[in-house]
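Two complexes are shown next, each including subunit A; its partner changes from subunit B in the first to subunit C in the second.
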Partner chain A sequence: MTDRWPRGLPARLPVLWPAAMLLLFFVVPFGIMLAVSFFHQVEGGFYEPGFELANYARFLDPFFGRALLFSLWISVLAAVIVIAVAFPFTYCLTRLRRRAQIPFLVFVLAVLSLSEVIIGFAWSTLLSRTAGLSNLVAWAGLIPRAQAWTPSFGALLMGLCYLGFPYTVLILFPPLSRLDPEIPEASRTLGASPLRTFFLVIVPVLRAPLLGALIMVFVFNLGAYLLPQVLGRPQHWTLSVHISDQAVFQSNLPFAAAMAIFLMLFSLAFIGLTMVLGGRKEAAR
Partner chain B sequence: MNRSLRNLFMGLVVLFMALPLLVVAGVSLNGGQQLRFPPRDPSPRWYAELFMAEDWLNALANSLVIATSSAALALAIAFPLAWFVWRYHTGYGRLLYGLGIAPFTLPPVITALGFLVFWTVAGWHGSILATIVSHAIFFVTLPLVTISLGLAAIDRQVIEAATTMGADEPTVFRTIVLPLVRPYLISGYAFAFVLSLNEYIVAYMVAGFTVETLPIKIFNSLRYGYTPVMAVVAVVFVLLAVLIFGLIARFGDLPRLLGAWSKE
Partner chain C sequence: MSGLRIDHVGKTFGMFEALKDIDLDFPDGRFICLLGPSGCGKTTLLRVIAGLETPTTGRILLDGVDITAVPAHRRGLGMVFQSLALFPHLSVGENIAYGLRIRGADLATRRRKAEELLALVHLPGVADRPISQLSGGQRQRVAIARALALDPKLFLLDEPLSALDAKLREAMQVELKLLQQRLGISTIVVTHDQREALTMADIVVVMDHARVQQVGPPLEIYRNPVNAFVADFIGTSNLLPGVAEGQDTLSIDGIQVAGARPHGLARGSKAAISIRPEEVVVHPAGEQGPNRLPAEVTFVRDLGASVEIMLACARRELLAVTSPRERPDVRVGDRVVLELPPAACVVLPS
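Here is the complex of A and B:
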């Protein structure tokens, strides 16, 4: 029982089934997608095997450049806003007694699990003319009459922040709840105010997980594909929306696959960066 | 931070998070077709609609079938893998573990497109089985992570004691590992179940035109105009998630499951 290496086939049997499933249904689909990204697109929504870089060459189109830049811009913006709110929130949360944390965690998990469809629907209702916040503002006399605040850039940004917030809380929860309570205590004993302690002690101590969380949320935001369609205008479509649009409605699978491969490499590069950051922190200990 | 300032800040954030859900809950009670807030002629008729109207009922049934079976399949893939990685130190074990984590970290549209081309080539595109397998792979990360946490919490000395007393591998597994890891199996299943219920893009790309799930049905209906039934679905999903995660918290250690240390 103490040996750490599997001996013979029977010991390896349990891993064969998950290995087969993951290889067949995860690695093989990616392989096919990679192949399709080099295929030749034929008029009428079909494609034929081949090897050409035409689909990747379309990245030089202004269309692709605009979509990419917009995706990056709104994802970064939403990630920064979300971290700015979620970090102090999670810090406060982890300072509560363990029992008191549970209702917050259940709520955060419930919001996290909500479908993007439902979040988009809820926000478009909240920002609508008939049922929205603007009724409240109009009733208070700040604007003459209720108006629709969606679709717009602001609505999309709000929706993305809402989508990313619970995810960020859960990423920040482990490092913050494992933070040695003696660190803030020492700072308080030495006479620092709570706010000073937070900004000058807690934030620098947790620099690496904070940066890691920022990158993770950024990649998470890049994946939003329904909110831009529900809360934004067509110029607010992100790369994820264009990928599904090319695949399903334009029937241009090779181009969609090429964009997906690009997005994957891009995301992997950033996720790799967080691992390097995390690894350096481990090594410093 | 000062206590009252902290409470105010946390209260405001929770209010912001709850606001859209509260408005949706209000809207779901409208008596008429229109989405009004505050609701006009409040009535629960749209709740009846979800459970009576054939098209919504059909989408509900599809969602439930997919969520229950894909979560079970995800668990069946994750458990042996998590156990193997915990039991033995092998490079390929770790590599497979990384592969199991990957679908959850990448933007979902990439995995969804991979499934789309794969099922088209395999000839199963549009079948509910394809959706179930795709969801199982897509959400395998959740049981994989929870089960690994559960296994890591097992005291190795207990296992050594059992081995010294002459217990063989299957006995150790049956009498020590399985009972200790059971709560984590259940929560892994629950996480995968709830997320599968809410998932859109993979279900849409794999079989969106033939197997309509609730999220797909809502999004399709959004194009033709809003009705309070969508709000009803949103309310039901929120309540279901609160119920399931509340149960996990009641019978398990939720902070530990989410990454806090074991003890107070």
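Here is the complex of A and C:
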């Protein structure tokens, strides 16, 4: 790196190109959305330019507040569950021989190729009363008769976890593969059982990638708008569903824009909080 | 019986045999070096002792107790890993006291023990530093201190000095040996560096191709290698092929050369003489006497502290090393006579 500012277009291109992309595809659309969120909604029509806080004022309605809180809650819960399942899974996977890892990775990638629509409707069938897994459970005699497990909170949570799992495995795979296998072994020779080694050494050593994966799955869940409609009841609709509902079916783009901005601010605050908490722990060591 | 017994241990990984019928007895309080080229099985043997690998056949006994099925975390052995494997998320003191924390020792005890061990490895006052701030040599010492924190019955080290530069490595070899003598702890070090083994070990175990080739004190192995591999691997050795003749003699290109001991080989069978470069005496051409072979000087390397003379003898490359004071007056291309003192000649079957 030189101290001097680069001169001439070719030298500045590495900065200008991404800056232009960011401007064109992020800053401009975001600016439009921000502007629209203050515009006036024309009843039964489109919107007209203006400046009013009416769209934001609608958040005072407890209905939308509840939707926001529910979105955050289910996103966090699904993210924590996914990490709790995917982290040990990936750790065990990376300890296998290379050749044994391949079928697992192929399977995970195959799941990744399924769209949210297919996953949503597949789970909705699997959890239904007529053709679902509960028939098997009833046949085994564990419950008296087959029952519908969807739509429900549990079904939605299940769907979100299923959707986030392959992404989490792929994000955690490289850092876990790089973990020096002698580090857990050193812990073993110092008297720690495999389980204690996992929690006292492996988890803290890999805290940064874990935190990164957690945030990614959280943001990912927050954006899910199809699964809540397929696997959840209306009270399980997340803010993303309400945004698309307002934008597409109610033709209320200003309110949808205001909700989108509100959701974004909240998730940014959430991510910031997670990183501050994670960073503080590091500083304390 | 006290000490470590490795009872006919074998280990296979799929089709690959890493250890073949290893049978060793180590008395208490010794410094043992497992020495061999890479892939010879020495690290696998150490890992089997540590409990990080399960032997396919055989048993490991510590003080007469069979510990083959005891998992690594219940063996109570201290181990220093090749990568050192220090915990990056813990400070120096926390690393050293990790084992005590697992045992449930209180903070004050952990703190005191960490300070004690840091003093022992000559690294006082760094307990609160993060591992990332230490140099390679300092990390080495922390890894040693951590392995010693639980007063282990056995102290195992896997190529512990391989990451250090040459000068520091030599200093650490001496320090490690002194530390072991002071603590009197049974120690097993894996190394591929024969100088390291000769510096530190009471007993050297030379391994090759998953088998033990020779066990004994370093000088014994140096002077009386049992086969060509050991002769070549420990120090530099000259090997001159010939044919067995009398009780203790060999014929090299029709010239009788006597060895130190009867070789017990059948007359006419192929054999070789192994002789250390410092034992070869270079005489001017025409010199007469027993155990002498004609040769030609091919290169002279004057290293200041020693002089190395490369020679062509019996269609083989041979090396003679002398001190500058005893340096014979020879130049490249000179015809000379080599004296191979019988006491320094070891006859090996080939």
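Worth a mention:
Just so it is clear, the second predicted complex is superposed on the first by the 237 of 285 C-alpha atoms of A that agree within 3 Å, B and C clash if a C-alpha of one lies under 4 Å from a C-alpha of the other, contacts with A are read in each partner's own complex, and residues count from 1 in each chain.
Criterion: contacts are C-beta pairs under 8 Å (C-beta built on N, C-alpha and C of every residue); 3 or more make two chains touch, one makes a residue touch a chain.
Computed from a predicted structure; not experimentally measured.
Judged by the number of subunit A residues each one touches, B leads among subunit B and subunit C.
By the touch criterion defined above, A:230 reaches subunit B but does not reach subunit C. Legend: residue contacts after superposition of the two complexes on their common chain; A:183 is shown touching subunit C, with no touch to subunit B. In the superposition on chain A, A:173 makes contact with subunit B only, not with subunit C.
Judged by the touch definition given at the top, the superposed model places A:114 against subunit B, while subunit C stays out of reach. Of the two partner chains placed by superposition, A:66 touches none, neither subunit B nor subunit C.
By the touch criterion stated above, A:207 is placed in contact with subunit C alone, subunit B being left untouched.
In the superposed model, A:192 makes contact with subunit C only, not with subunit B. Residues 194 of subunit A are contacted both by subunit B in one complex and by subunit C in the other.
Those residues of subunit B that touch subunit A in the shared complex are 1-2, 6, 9-10, 13-14, 16-21, 23-24, 26-27, 34-37, 76-78, 80-81, 83-84, 88-90, 92-93, 96, 99-100, 102-103, 105-118, 121, 133-134, 136-137, 140, 159-160, 162-163, 167, 169, 172, 194-195, 197-201, 204-205, 208, 215, 218-219, 222, 226, 230-231, 233-234, 237-238, 241-242, 245-246, 249, 254-255, 258-261, 264. If you check the complex, the residues on subunit C that touch subunit A are 50-52, 71-79, 81-91, 98-99, 102-103, 130, 146-147, 149-150. Subunit A meets subunit C in the complex at residues 180, 182-183, 185-194, 196-197, 200-201, 204-205, 207, 285.
Interface residues of subunit A facing subunit B in the complex, by the touch rule stated above, are 1-2, 4-6, 11, 14-15, 17-19, 21-22, 25-30, 32-33, 36, 85, 88-89, 92-95, 98, 101-102, 104-111, 113-123, 125-126, 128, 130-132, 135, 162, 165-166, 170, 173-174, 177-178, 194-195, 198, 216, 219-220, 222-223, 225-226, 230, 240, 243-244, 247-248, 253, 256-257, 260, 263-264, 267-268, 271.
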